[in-house]
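Look at the two complexes coming up: chain A is in both, with chain B in one and chain C in the other.
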Partner chain A sequence: MGGLRKRDWWMAFLFVLPVVVILLAISIFPMVYSFYLSLCRWDIGMGGQRTFIGAGNYLRLFSDARFFNSLKNTGRVLLFGVGTQFALGLSLALLLNRSFRGRSLVVTLFLLPMMISPVVVGCIWKIIYHYQYGPLNYLLNLLGIRSVNWLGSGSISPYSIVLADIWEWTPFMVITLLAGLQAIPDDLYEAARVDGANRWQIFSGVVFPLLRPVVIIAILIRVMDAFKIFDLVVLLTMGGPGQASESVAFYNYLTGFKYFSMGYASAMSYVQLAVIVAIANVFLRSFKGRAVV
Partner chain B sequence: MRKFLLFLFAFVLLASVAYASPVKLVVVGDAGHNLKPFEWYAKDLKEKFDVELEVIGVPFGELYEKEKVELIAGTGAFDIMIVFPKFLAEFAANGWLYPLDEFVAKLDPKLDDVTPGYRDFYCKYGGKLYALPYDGDVLSLYYRKDLLENEEERKAFKEKYGYDLKVPETWDEYLDVAEFFTRKAGEKLAGEVLQRDFYGTAYYGQKDQIFAWWGNIFASLGGVYFDEETMEPAINSEAGVKALEIMKEIHKYCPPDVLAYGYEELKDVFLNGDCFMVIQWPCVGKKGADPAQSKIVGKIGVSHVPGVKKDGEIYYRAMMPCGRVLAIAAQSKDPWKAYQVIHYLSVVTSLDDVSTPETGLDPYRYSHFAHPEAYEMFANVEDAKIYLAGVQKNMEKGYPEMVLPGTVEYEETLGVALTKALAGELDPKSALDEAAQAWRDILERFGKEQQKALYQELVKGWKAVGLW
Partner chain C sequence: MRRRDGVTVAVFVGIFVLLAVALAPFAWNVLTSFKEKGEYFTYPPVFVPSSFDLEHYVRGLHLGGAKGIKDSFIIASLTTLLAIALGSLAAYSLSRFRIGGDNFAFWILSVRMMPPIASVLPLFLFFRFLRWLDTYQALIFTYALVNIPFAVWMMKGFFDELPVELEEAALIDGCGRLGAFVRVALPLVAPGLVATALFCFMFSWNEFLFALILGRSRVVPITVNIAGLIGGHEILWAEISAVSIVASVPIIVLAILLQRYLVRGLTLGAVKG
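Coming up: the complex of A and B.
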């Protein structure tokens, strides 16, 4: 800045000003205001008086069993959902990372679930899970397995959401990891083979280390997305039975837009943000420390 | 000068076109069959009142938040709103609805023809009229009369329970009948081998409305929402716990996924012929008589919800959840034209709209009950009379839904607790204690004294029309 003349400085300021104003209006102000709201009690059902209560909403959160239940359900989606998506995605990407007839068609077909609107995905799975008429229970019955209460049981419904999420988002892992695999030069495979490495040694010593940055980014994107899971919860169970399958995002929505406790909902959003930032940091640190390429 | 005249001419032309075009009114309501009348009569309404309607449907469970967000923000997005009566108090108290009293003298909504429950509690707040009725909801008992009359089944029932098979009038009888008709695939029902499991009964299991199915039992046991004097929640009273225990027994004879049931699932399990009896809104009786929607046409009976026997008499109370009224947003572009539209639907076309299986709208005017011949989906007028008599029987003993500000949250937190008990996570007493605590918190947030005054006023009104 020291090198700029005063007139140039003003010119630069004027050019930057619109961006700053827009950022302040649509990004910084809502952040600051919602944080302020998280320190207030503001139930806009009647009258809507806003009262400053300091950390009251945060303290209420830590004694709210329903919030912890929703966190647990979201954790299930992260652990079992994203975990399975990664395992399946990597396996399929390795299978597709070789040339065979009709490969493009197979890859396109794999992408279909991800391309379908999430609302349609929810409706399809609601039909699939129907206790009496659903095709899934029909198939299980053919195999001699009793019908499963996919949506009406509190212990099973959170996993039903996880299963639908796996179906919808495994293609994302496949396509991302496949792109990573295809970026690895063939020379490296050949060099490893010349050195006498078997398939497992090539995978663990060459492929996976080179793929690690893509793996970390793919998992990070899915973790951030899955942490906000909402559509499948609404369409499949509405968080039920009772509150058994509520995710954090869904409970946050109920608090803000059904019960209209805006202060409490804001506090909940900030706790979610803190959790997701912490998770992202763990991934990014691992990305920084171990990146190979 | 010529340019000026040309400009003036263009201006006048544009202004007259704008003046002559119909007023556009935006209608919002729960999507699906209950918005159909707005589409059916759009042309008539345009001709009669010079209005053009834009109809916005939102999911049933999201109507409250969609409407409230726009009302809070004062966007003026809606002119006519389908409102569930439980929101009305909150919307009216906040000044978001246009009071209709000034229009009543100009265009009579014939409120004397409306049954008292729907007229006084679902349309008014603080002595003012804020809405016109559109859908009268009360729960009734629907059962398979063909199975009830089957000789083989009657004989087997008498052998097992020691009394004649009949429409259950008490909760004990309801449990017996539900147990008796619960059969596995491969067993026989009325002499035929079942291809699928058959259930004794089912109920609305989702957390937003499940309170009403528990409420039928709770109310028949003498339960009330709050202690009027202290405003202490009374849902965890002896009546509440007993009602939940009975519901847990009922749960045994329901489809395993009943806790995921909403309106559609509950309707379908009965009309697909997979269940002996359900407690449901009146529209299920109409839809059950329509071959396009029902596999059990001509086989449905309707009666009052069960109750308890006291001094030789059956004491029953039928919950009146949901219901729909038509209100006008305070920020409507043209409240008078909007009133003409809702008047047309609430008065002029209402009999047609409640007597067709195409809608989920149910009778709410005395005149709707006086014209059984209008309900053409029934095989004959006698069947229509039976249907209407069944609905009326429940309406006379209707148990009103709370319409306090915060009702959505009261009902949903209660729903969550009921579900926990039914899923076996908590015992009935602990579940209801948890709900009562949640109600105390809501009371505090909405202002206990204000809620107390409103509740006392409500109870006074309920008593005045014999519903309390």
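Coming up: the complex of A and C.
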């Protein structure tokens, strides 16, 4: 639209000003403050004083077995959760990538688990997982399998969270990958078929390379979300039994708002922020490439 | 063509089975909401409840469900208004004048990606200082942290798609810059504006972590109310299911309305769908 005239510049500036002011007030200033806190010991529950301890909180993280356990649980959601969501989501997207009557209704129905609040997802699965009265153990018993202690066993409860997460978020992969598939022009399939390619060759040689940017975006978004997993942990297990199924965000929440160690909690949240910033950078870079449909 | 038919049948059977697995948990939730205590605390489980009256819905709404829905509605609507109003102004500026350049736009988007647990701690202390804990405005501004960057980014996408010639024509006709924005650009992106608003509403309605920490007794959004019922001494499954269904219905309606824009919204505009 040509160069900016002076009056236009003022308007452009005034238009972004409120957003900048609000974002600075509720994100940048608090973040700077919490960085300072992460260098302090401050246990507000005890009415304790704030004392500057430098990198002490960060060093403490490295020897905190409970923190590493929560990292492991979060990693499990990333690896098994997002991995399964991608595999299932891609298969389902390929199945749905054809025209049939009632298709848009079917797609909408598939999306429901992702649209409702994670809190509701937690409620639904808490009932399903109930050891004595839940329908899942009942079905297993019908098949001759002994009841599984889904939420009460430390070796199983982290996987129960992963399973509920898979149910909730597979739809995201379905709808995103489906959009990617539909952006691939039909004549490319035709051309490949005329050249004598079989189904697998069409998929690996034509479809997947074209789908790749969408796959990367979808996985990055899910990884960022899964890294923040909190709601399902609260609703399903409260991190239990013991500390077996705590996620990083959940342990961070306990540190800040149950034990009131504000300094240590700030340090923990800064570590997560660093991880997210790293992933977000990759995401934004693929955005700038504009390679996406 | 015989083999093709076989494949087609297999595909539809596969779709049907997966759909059943995806929907069964919902069905169980709906059935539970009608069951009496003796029907959900029993083995083997009762599938069909003895009566389908709305008794548990009424009781669930009395147990804080109605208040939760009111609070969530107030917070979600006001934060949506705030995000849409300020977000579309900024988006227009970014799209038409490229103010601040790409890096500025990406900075705004990056705020959206901050882990909530990282921002809630300083915000908690900040609002405690302002004596804003347990107030609507604390949650309205906190959700703006998520919704404003989202609205800016989505609306920027919609403005980018609008040909500038229309506004240029308006300028030549003697319309001011502001007039070109209000009378030409804004009406043309109205569908995108509505979609963005519905997304903001949905995010805020479903949110849990901020609500849990910044609300307390006077402000209890629906998600916190449901979680509270689950943590209670005696777990009233039918009431919990009933409230969770009431809380989900508006969202499901929005999701259906949004279908065309769903991919775009959920991928922050990265995949246009």
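General observations
To be clear about the criterion, the second predicted complex is superposed on the first by the 252 of 293 C-alpha atoms of A that agree within 3 Å, B and C clash if a C-alpha of one lies under 4 Å from a C-alpha of the other, contacts with A are read in each partner's own complex, and residues count from 1 in each chain.
Here is the rule we go by: contacts are C-beta pairs under 8 Å (C-beta built on N, C-alpha and C of every residue); 3 or more make two chains touch, one makes a residue touch a chain.
Only a predicted model underlies this, so the values are computations on that prediction, with no experimental measurement involved.
In the overlay built on the shared chain, the residue A:Phe227 is in contact with chain C alone; chain B does not reach it.
By the touch criterion defined above, A:Leu188 lies against neither chain B nor chain C after alignment on the C-alpha atoms of chain A.
When the two structures are aligned on the shared chain, A:Gln132 is found in touch with chain B and with chain C. In the superposition on chain A, A:Leu61 contacts neither chain B nor chain C.
Of the two partner chains placed by superposition, only chain B is touched by A:Pro241; chain C is not. In the overlay built on the shared chain, the residue A:Ala197 is in contact with neither chain B nor chain C.
In the superposed model, A:Trp150 makes contact with chain B only, not with chain C.
After overlaying the two complexes on the shared chain, residue contacts for A:Leu92 are found with chain C alone; chain B is out of touch.
By the touch criterion defined above, A:Phe110 reaches chain C but does not reach chain B. Chain A is touched at more residues by one of its partners, and among chain B and chain C that partner is C.
Once the two complexes are overlaid on chain A, the chain A residues touched by chain B in the first and by chain C in the second are 132, 238, 257.
Those residues of chain A whose C-beta lies close enough to touch chain B in the complex are 41, 43-48, 66, 131-132, 147, 149-154, 157, 237-244, 254, 257-261. Across the interface of their complex, chain A is touched by residues 61, 64-65, 68-69, 72, 90, 93-94, 196-197, 205-208, 255-261, 269, 274, 405-406, 408-409, 412, 415-420, 422-423, 425, 445-447, 450 of chain B. The touching residues of chain C, counted against chain A in their complex, run 11-12, 14-15, 18-19, 22-23, 25-26, 28-29, 32, 40-45, 86-87, 89-90, 92-94, 96-97, 99-100, 102, 106, 108-111, 113-119, 121-126, 141-142, 144-145, 148-149, 152, 164, 168, 177-178, 202, 205-209, 212-213, 222-223, 226-227, 230-231, 237, 240-241, 244, 247-248, 251-252, 254-256, 259, 262-263, 266-268, 270-273.
Taken together, the chain A residues at the contact with chain C in this complex read 1, 4, 7-9, 11-13, 15-16, 18-20, 22-23, 26-27, 29-31, 33-34, 37, 92, 95-96, 98, 100, 104, 106-113, 115-120, 122-128, 132-135, 138, 167, 170-172, 175-176, 179-180, 214, 217-218, 221, 224, 227-228, 230-231, 234-235, 238, 249, 252-253, 256-257, 262, 265-266, 269-270, 272-273, 276-277, 280, 283-284, 286-288, 292-293.
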